[in-house]
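Next, two complexes with chain A in common: one pairs it with chain B, the other with chain C.
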Partner chain A sequence: MIKRVILHIDLAFAYLSKFIKTRLEYKADLLLGLFTGVLFQLVTLIFIDVLFAKQALTIGGWTKWHVLFIYGFSIFPLNLFFAFFPNLYNVGSKYIIEGNLDRILLRPLNSLFQVLMEEVDIESLIGLIVGAGIVFYASAQLSLEWTLGRVLIFAIMAFCGMLIYGGVFTTVASFSFWWPDRIGLMAPLFNMIAFGKYPVTIYNRLLQCILMWVIPFAFVAFFPATYFLGFDEFRPFVLLIPVIAAVTMAVGISMWNLGIRHYESTGS
Partner chain B sequence: MSTYTITDDYIANLSKYAEYMRISFQKMLAYRVSYLIGVFTYVIHVAVYYFLYKALYMEDVTIKGYTLQEMLTYVSLGWICKSFYLNYIDREITDDVQSGQVAMDLIKPVDFQLMYVARGLGHSLFRIVLFTPPIIVVTFLLFSVSPPVSLGHMMLFILSSSFSVLIYLGINYIIGLLSIFFLSIRGVLYSKNLIIELLSGLLIPIDWFPPWFQSMSFLLPFQSIAYCPLQIYLGRIQGLSLFFSLGLQLLWIVIIFGIGRIVWRLCQRRILIQGG
Partner chain C sequence: MIEVEHLTKVYRSFKRKEGLKGALVNLFYRDYESVQAVDDVSFTINPGELVGYIGPNGAGKSTTIKMLTGILIPTSGQVRVNGFIPYRERYEYTRHIGVVFGQRTQLWWDIPVQESFRLLRKVYQIDEKDFRDRLSMFIELLDLGPLLPIPVRKLSLGQRMRCDLVASMLHHPKVLFLDEPTIGLDVVGKLRIREFLAKINREFGVTMILTTHDLREIEELCQRLLIVDKGKIIYDGDIEGLRMKYTLDRRIVFQLNDNIDFDELQSACAFNGSVRSEVMDPLSLKVTFQRDSYSPADIIERVLKNAPVHDITIEEPSIEDIIGRIYSGQS
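Take a look at the complex of A and B:
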């Protein structure tokens, strides 16, 4: 078991170095990717900046700096997810309809691991630098104290957030095993990520409920951010973050495994 | 059937582009589930900004000269417009370039730009007939949207938003052509959407921005996509400046299609160099 885990970690690094090498081959593409990656983060930053037209404005009691902090945090889990899970989008088309899954299943490695590692979007990681800048700036405005412990908690929570996205989208991608021609559900879920960029308290009850217990995007950025912003009334939810991450990922993996068992090759 | 004359030839010439439009329309029709989910997707888009603006207007009656009701109408109408000016010809061009289909298109006696414009219009036609109406119904039911200020404004809004279709189409065509120069522009396509959302004034009206930004966006085509028709709908531009805005939209259509032709000419050279 442990040997198998170590083998997978070794291979993950091999895959990663392969990706970095291929990306460096096409420098113009890489630069374009990095440039648009930064631009992508700036859009919401500018939007928030313009939205707070007057200094005194708040959205439901959250000041501009709170909102910026939450957004800055949300960049971390989202871009980690973009970097390491982009292939989930291709499960239906490339792997099931085109039959690439057969190749995957022949190897003595975890199938989900292989699918995920076959495409890594390292350019997305540039977003983390922008995110760090926003978090740093907002913290300075709010005079938040950073200690090594807090940085560590920040990293763990960002990782948990990535797992929540990963779990949700692995679940949806697994539906392709039953309905390979439909990636339809991915798009609206993808758009729902936008809800998680802002304080969840501004939404109505129904939406809050969905974002907490059905598609738990509230735990990706908003609840983690409240911990650093010092809003202690959300503490119970903050403590739940790792649990939600573990459960969401477990659901994703179980659905994937069920799907693999259900899978019949397209081949003749 | 009938004797072949020059006029027939001209009509045949036009109808081949109509055919591209028809095929594009039918392709969209094939994906019915995606269609229903697509309607839902727009509701999500509007909901995010609906709640954001509602929370922002908690204490103030007007911000930057907009009432909450105007803002909610602005946002809802903005996404309704997007539901029909949106097209994916940028992605289609990228796919055609990567699969090599573009070589087949090059030997056909059709104008490359007009072919994709026809396809894009097919998308928009499909959307306006089948996709936008349910979005309008759901949006008006769920979110508070005001009716247009007058019938005249409504007509001009429709005219202005059809110009938006062409502007968006022209921009998308140019972006799609970038795939001939770069290996993968998936990230560009994704970011482009978001950047246009901001610069077109879909997310937030242009007059909320700082003055320098407003003058910059005056020199860019994007505000003609969303901000212009929405201002007309809300009755915020009147008289002469209204016709000035429409004229500006027309000017942008001409410029963007002109740039599209130039870029295509550069691309052809590039394709020849790649050869094979």
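Take a look at the complex of A and C:
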């Protein structure tokens, strides 16, 4: 078991370096990817600025700087997710309908691992720099203090957030094993990610409930951010973050494994 | 080595209704249709055998291969390969087998061939020295040297197939599954792959199952033949046996010096009812007879005694004719 884990970690690096090499072959593509990534972040920043400049100074008791901090934090789990899970989007088409899963199943490695490793979106990691800038700026405005321990907790929470996204979207991708005709669950769920970037308390009860216990995107950015912003009333939820991450990922992996048993390959 | 018992695979697919209204109906109600792709198939393959698995398109060849390799889970029946139940022990099992699909590559599309090989070394955890030895041997056998730095997507089909073959053999598989490995290749490409397969079967004792539509390949490579049709095995044996079983009729054509009286000749030879003889043109006579009723020597002797013959041809239907007849259902 441990041997198998070590093998997979070793191979993750091998796959990654292979991927970066091919990525560097298409330089123009890479540059364009980086450019649009930064542009996207800027547009969202302008949006937050406009929103708070014109209307009241606070939304549901949250100031501009709080929202900015939450937004800055949310960039971390989201871009980690974009970087390491982009291939989930291709599961239905490329792997199930076209039968590329055959090749995956013939190798002595975990199938989900292989699918994830076959495409990595390195450009998304650039977003982390933008995110760090925003977090730093918002922290300065709010005079938050950073210690090494806090940075570590920040990293762990960002990682947990990535796992929550990963688990949710692995679950959705696994549905393709039963309904290979691309059902459009991915896109609406993608849009729901945006809800997690703002304080969950500003939504109505039903939406809050969904964001916490059904599609737990509130645990990705909002609850982690409250820890650094010093809102102690959310502390129980903060402690739940790793549990939610583990459970979500476990659900995703189980659904995937169930789906594999349903795989019917293609005609030839 | 490979044991298959009562193997069956049923695909369930739903009948799609057409149009917008149909699509709405499909959402709530699905009318399923079962297709029996593999139907109660049993066979055993011994270590070192090279078995041809043939049948018309849609006969269930690929489905069987996919169950043998652990990609698909059988609906019912048993598969054991090398002691493993393929789909249940995928991790361990896939270490011991090699698989080549002619229709799609197992290599990574975007990276050079040699880096694909190196990545596979890691995946299968092949010892570095062992890996180098084997690779250099295969490179020589299949003349891969110039292809190594090229990304797979830039290779021709023949080149890619050679690389795929090597990729499937790097980790010392005991069994090699080949699903139409020469599909779409030219004569030279096919020959090369055929030679390679014969060599590794002979020298390493690798057990092989080969599906193909090229019957020359079967004749030259396979000691044994499994023919499937509509999901069932309809023949299991060697090629000679196939000829015996399905071509009871043989034919001898005599070229004659003179025109003869056909009726007179027929009564003089005194064949029994199972022999059909006919005059093709004034100077040639065709005699069709059953394998078990007369020997060719017997027929020739009788005709020679009664007619002026200057040439004799014995016609044996080709393996293609036989299999063509089996496929079209007139065996």
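Going forward, the second predicted complex is superposed on the first by the 263 of 268 C-alpha atoms of A that agree within 3 Å, B and C clash if a C-alpha of one lies under 4 Å from a C-alpha of the other, contacts with A are read in each partner's own complex, and residues count from 1 in each chain.
Rule of thumb we're sticking to: contacts are C-beta pairs under 8 Å (C-beta built on N, C-alpha and C of every residue); 3 or more make two chains touch, one makes a residue touch a chain.
All values derive from a computational prediction rather than experimental measurement.
Student: Aligned on chain A, chain B and chain C: do they clash or fit?
Tutor: fit
Student: Once the shared chain is lined up, is A:Gly60 touching chain B (first), chain C (second), both, or neither of them?
Tutor: first
Student: Quick one: angle from chain B through chain A to chain C, Cα centres, nearest 10°?
Tutor: 90
Student: Identify which of chain B and chain C touches the larger number of residues of chain A.
Tutor: B
Student: Using the touch definition from the top, say if A:Pro188 reaches chain B (first), chain C (second), both or neither.
Tutor: Only chain B is touched by A:Pro188; chain C is not.
Student: Touching A:Thr22, do we find chain B (first), chain C (second), both, or neither?
Tutor: second
Student: What is the contact status of A:Ile202 with respect to chain B (first) and chain C (second): first, second, both, or neither?
Tutor: Only chain B; A:Ile202 stays clear of chain C.
Student: Taking the superposition on A as described, I'd like to know which of chain B and chain C A:Gly99 touches: first, second, both or neither.
Tutor: Only chain C is touched by A:Gly99; chain B is not.
Student: Figure out whether A:Phe40 sits in contact with chain B (first) or chain C (second), or with both, or with neither.
Tutor: first
Student: Tell me which partner A:Leu32 touches in the superposition: chain B (first), chain C (second), both or neither.
Tutor: So A:Leu32 only meets chain B here.
Student: Considering the aligned complexes, could you tell me the closest Cα pair distance between chain B and chain C in angstrom?
Tutor: 6
Student: Output the chain A positions appearing in both contact lists, the one against chain B and the one against chain C.
Tutor: Of chain A, no residue contacts chain B in one complex and chain C in the other.
Student: Spell out the part of chain A that touches chain B in their complex, as residue ranges.
Tutor: Touch list, chain A to chain B: 26, 28-29, 32-33, 36-37, 39-40, 43, 46-47, 50-54, 57-60, 121, 123, 182, 184-185, 187-188, 191-192, 194-195, 198, 202-204, 207.
Student: In the complex of these two chains, what residues of chain B are touching chain A?
Tutor: 31, 33-34, 37-38, 40-41, 44-45, 47-48, 51-52, 54-56, 58, 60, 63-64, 181-185, 187-188, 190-192, 194-195, 197-198, 203-204, 208-210
Student: List the residues on chain A that touch chain C in their complex, please.
Tutor: 4, 7, 10-11, 14-15, 18, 21-22, 25, 99-103, 105-109, 261, 263-265, 267-268
Student: Show me the residue ranges of chain C that touch chain A in the complex, using the header's touch definition.
Tutor: 11, 58, 62, 66, 69-73, 90-92, 94-95, 97, 99, 101, 103-104, 106, 108, 110-111, 115, 119, 122-125, 180
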